[in-house]
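Data first, discussion second: the structure below is written as structure tokens.
For clarity, chains are labelled A, B, C, D and E in written order, and residue numbers in each chain start from 1.
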Amino acid sequence: MLGTGILRGLKETARNVIGSFREKDRLPTVMYPEETVKTKENFRTFPFLVYDGDHAMPGLRCVSCRICEKECPPQCIFIIQERDENNKAVKHPRVFDIDFSVCMQCGICAEVCPFDAIKMDNIYELAGEDRFTGLLVDKHRLAKSNHYYHQIKPTEANEVDGRLAEDKRKAEEAAKAKAAAAAAKAAPPPTAAT
Amino acid sequence: MDNPSPYWFLVVFGAVALVFPLIPLGLARLWFLVFSPQKPSKEKNAVYECGLESKGDSWLQMKVHYYLYAIVFLIVDVEAVFLIPFAAAYASLPIGAIVAMLFFVLLVAEGLVWAWGRGFLEWK
Amino acid sequence: MTEADEKTIQDLRRSGILLTTLEDLYNWGRSNSVWPLQFGLACCAIEMIAASMSRFDIARFGSEVFRPSPRQADLMIVSGTVTKKMAPQVVRLYNQMPEPKYVIAMGACAISGGPFKQGYNVLKGIDRYIPVDVHIPGCPPRPEALLNGLMELQEKIREQNLTGENRPHHLRSDVSGEFPVPEFGACDLEPPSNPAVWTPPEPIREGL
Amino acid sequence: MESAEQLRDRLLAAFPEARVEVLANPAPVAQHSLIIGATHAVQIATLLRDDPDLAFDYASNVTGVDRPDQEIKEKVTVKETVDGEEKEVTKEVTRTEPGYLEAVYHLYSMAKRHGPVILRLRTENRTDKVTLPSLTPVWRSCEFQEREIYDLFGIVFEDHPDLRRLLMWDDFEGHPMRKDYVEPDDYEWEPTPHDAVLIKAKRPADGEEAAPLAP
Amino acid sequence: MIPGVSIEEKTDPLQGQILEVSMGPHHPSTHGVFRMDVKLDGERIVSLKPVFGYLHRNHEKIAEDVSYLGSIPYTDRLDYLCSLTNNWAYCLAVEKLSGFEIPERAEYIRVIVGELTRLVNHTCLMGFFVQDLGAMGTPLMYAFREREKILDLFEGLTGARMMCNYMRFGGVRCDLPVGWIDEVKKVIAAFPRFLDEFESLLTQNEILIARAQGVGVLSKELAINAGITGPCLRASGVGHDLRKVDAYSIYSRFDFKVPIGAHGDCYDRFMIRLLEMRESLKILDQAIAALPSGQIIDPKAKSRGLRPKAGEAYGRIEAPKGELGFYLISEGGPSPYRYRVRPPSLINLTVLEDMCLGGTVADAIATLGSIDIVLGEVDR
């Protein structure tokens, strides 16, 4: 009979109106400035540079190997390596700019970085008026502490710290083994000489 | 004005009906003069056609078939105009008047049914 | 409006008496009912629609009425990649909007061409032809980032004053709100950018 | 599904004077393709579509490929009389292979559900003789894709129902997807230029000199 | 041509003149910046020429400069409603080009996120289609409420709501976080209730039936010849679904049916998507039940600095909108020599004029809505 379809539709909308008072699922509104949606741990927006210890610049993990600059699809990272007085390259970036107005938030820089120096942040309230200087973020604004990294992404941060500790330990063993081998090589010649 | 003439309320209604829209229009005119000047320009008043420059004009002859809708609407509208005073006073009218008005309404309804039957209202 | 006046107004407001100036009333009305133009270009448009849906609910900021025609809109959210073929239409729509009009450049593509910057048919940012009030970076920015940008715009509208020298351009008769519409050239738009609006600073070339 | 060689023999049997060659595809997926001469392309296409046990009724993908002229360095052994006596000398000769534009058709069969037959049609060169027969009368799905190839690569398709630019605006000149296309540079504000973007940023826009580079 | 509707200029003044108007790039119902140059005789459509290119972002030219890995985030932006199936099609093509094998667990994860993407796309489409018919807001609100739940799953797994950038050559980027599968189970368990509500809200609605049945009819032969794929093809009665035809990845292990329509009109296309969502739920249940543990990426596969040997490959999958194909020609370099996307939306639009001729403007809007186009994929 004409109209039963529409009545059935009205029943559905009525179910939703009444349901919105009882079921949490039917009232999904999040009152933005007061309460925010709790973003998941994996959520990524813009990259940031991780530094160990509590002083940003000396503790920066980035050795300016420029792999992320090459691999970044929209090419929005710009690195210049630090050079000390006799023009020898130093493992530290003098200039590390990311153009947030071009960055496509893909996370490839964090994925390809061999030193875990750049990770993905989850801040998204960056609306501003000036585009030229506001969104061109230099290394001072980019650098955030490892402690902050632990706050926003605990599991990922622990895994990264575990890996770094593992590498350090292996490096020390290798260094000790090399030192022992060098000592062993240095020790026999004097005995052979006498 | 001890006993106001019965038509006085018409004058008051007319005055209020006139003043009520004029106040906001006057305020708007005042606002334009003092604060935000009107700046009409060729680009702003260009014809809006989904963001494109509209070529060709929209003043063109429509299909003649559409005049039928106008005529059917006209008949029913005029009938409504006659019904309004009747509706206002039909309680105090004798039964003869009601039958006459019924006859009038049925006549127009019959015309509408005929037009519908002949398919004038089909949206070809 | 000294500090003391501010405090007295707060106290009076608490006891139910509202004192305001014409300017505050004018800006309060305008900032809380910004009607956006229904203008979705690409992926950011889906996040704009998601922002207008029940979960992020742009209606709480007075902007859920997305007007299809530019005649009734006073905010243009450029959400998506502005290509060179679409740029004249964007500028023409901006011109056809009534005067107090604002522009939000939502997403990396609208600000600077974003990931598609090296494309031959992509405009490197809409602020080459029309003035942009708020930039929202992200690709696409979360719906909350759009709401944050909208609150930023509302803040900016509240601070505009009604008279005096730096009143907004829609209250001045000398500044026209329209910008020339670029034409299609042989391989690019003519002119490539509008110098009145597009004033980039000196490009940083140090150390190249 | 027949292999490329069987298909070639079948087509040669049907059209003896047509040009049908197999182009091997070294990738592990081994989808070999058939190079078809332009003269018999439409008849071959209708045969592929109407033949009962081939039944390729669905042209899934039409692609344009630009092969610019290539300099090939070859070691050529040439007999030369060097100061009086005959000697074999291998000499470096750079031979430029003429470039061409290519339209690649991937055909599938919905009726028989069997896999891709890949046809390749090649133009004589990249400058003036760039016309190819259009296969839209055979498969309607090539209509927009051929228009796109005409727009981005410049292959002119004969008796295509409505050959216009698909993606770029109508009075756009040049074919942007070609390898030698130089796009306009509006690179004033480039805060993060390096390698490709840097070259474009330093390229002087026609006429004005290079962007001022700080020392 | 439809009898009675002639295109040449009318001489008889009683018949009225032809109005040329363009439902242009900025139009509330064209799902983005799509333009149709329409010639109208009164309200009847006499000719309809689609115009593309307003969102041509040169994806294929940029892909020739960027590395293979760098192109993956760009594929998210092709059909920006279902980014994971775009990744899947691209990774499938590169895997065919370079011959990586995908471990079991990665295949299952790909099927799970692929079918979740199909749910997201079909809910969005039904909301937009019914909004085009005039149901302002309500069905779209319900559809987006469900979509948000699935986007939260994607955000938990891949890190982004819409632009997931999750699949790599030879597998996936990262393993499932702890507790993610239980959330998926919860969402899938609640989904049929939403589908029942949506079905009873819309399918029997007289207005929808009057506006969608018999509108935009597409015949089977024209659909095959014009290369229409996906739900539009199956609505015309052709049972061609790449998950059954190619049986790519591990779809041969799941039993699911392929819904086929009978009339090929807007209503069938709408109902096909509703039924396909139920099939996707069945696949999801089976995939989650049989999800093995193990590696998630082929150890031999390189993502950074991948240089596949010279050769070419064409990989295609059943994306929610139709057959999405990637044709890659590699010359051994770090970036592909030619990178071509076969866009299902663009090719499905070939027959838009045939379906809309003779109908009214409102029917053209309904037909365009039922074809389900996304401009990022149409213009690339």
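By definition in this document, a residue touches a chain if its C-beta (ideal position, glycine included) is under 8 Å from a C-beta of that chain, and two chains touch if they have at least 3 such contacts.
Since the structure is predicted, the reported quantities are computational estimates derived from the model, not experimental observations.
Trainee: Which other chains touch subunit B while also touching subunit E?
Mentor: Joint contacts, listed by label: C.
Trainee: What chains, if any, are shared contacts of subunit A and subunit B?
Mentor: Common neighbours, subunit A/subunit B: C, E.
Trainee: Which chain pair shares more contacting C-beta pairs: A-E, or A-C?
Mentor: Here the pair linked by more C-beta pairs in contact is A-C.
Trainee: Which chain's mean C-alpha position is nearest the mean C-alpha position of the whole protein set?
Mentor: Closest chain centre to the overall C-alpha centroid: E.
Trainee: In whole angstrom, how far does the Cα centroid of subunit A sit from the Cα centroid of subunit D?
Mentor: Subunit A and subunit D have C-alpha centres separated by 42 Å.
Trainee: What is the distance, in whole Å, between the centres of subunit C and subunit E, each centre taken as the mean of its C-alpha atoms?
Mentor: Inter-chain centre distance comes to 32 Å.
Trainee: In whole angstrom, what separates the CA-based centres of subunit C and subunit D?
Mentor: About 44 Å separates the centre of subunit C from that of subunit D.
Trainee: Using the touch rule from the top of the page, what residues of subunit B touch 2 or more other chains?
Mentor: In subunit B, 50-52 touch at least two other chains.
Trainee: Give me the residues of subunit A that touch two or more other chains.
Mentor: In subunit A, residues 28, 73, 75, 99, 102, 104-105, 132 touch at least two other chains, as defined above.
Trainee: At least two other chains touched by the same residue of subunit D: list those residues.
Mentor: Counting only residues that touch two or more other chains, subunit D contributes 167-169, 176, 189, 191, 193, 196-197.
Trainee: Show me, using the given definition of touch, all chain pairs that touch one another.
Mentor: Pairs of chains that touch one another: A-C, A-D, A-E, B-C, B-E, C-D, C-E, D-E.
Trainee: Within the complex, which stretch of subunit E touches subunit B?
Mentor: Going by the criterion above, the answer is residues 13-17, 19-27, 35, 41-43, 360.
Trainee: Which residues, counting only subunit A, touch subunit C once they are in their complex?
Mentor: Its residues touching subunit C are 28-33, 36-37, 45-46, 73-75, 80, 94-95, 99-105, 124-135.
Trainee: Spell out the part of subunit D that touches subunit A in their complex, as residue ranges.
Mentor: Residues in contact with subunit A: 189, 191-197.
Trainee: Within the complex, which stretch of subunit C touches subunit A?
Mentor: 54-57, 60, 105, 108, 111-118, 125, 127, 132-139, 141-142, 144-145, 147-149, 151-152, 156, 200-201, 206-207
Trainee: Any idea which subunit A residues touch subunit D in the complex?
Mentor: For subunit A paired with subunit D, touching residues are 69-70, 75-78, 97-99, 102, 132, 136.
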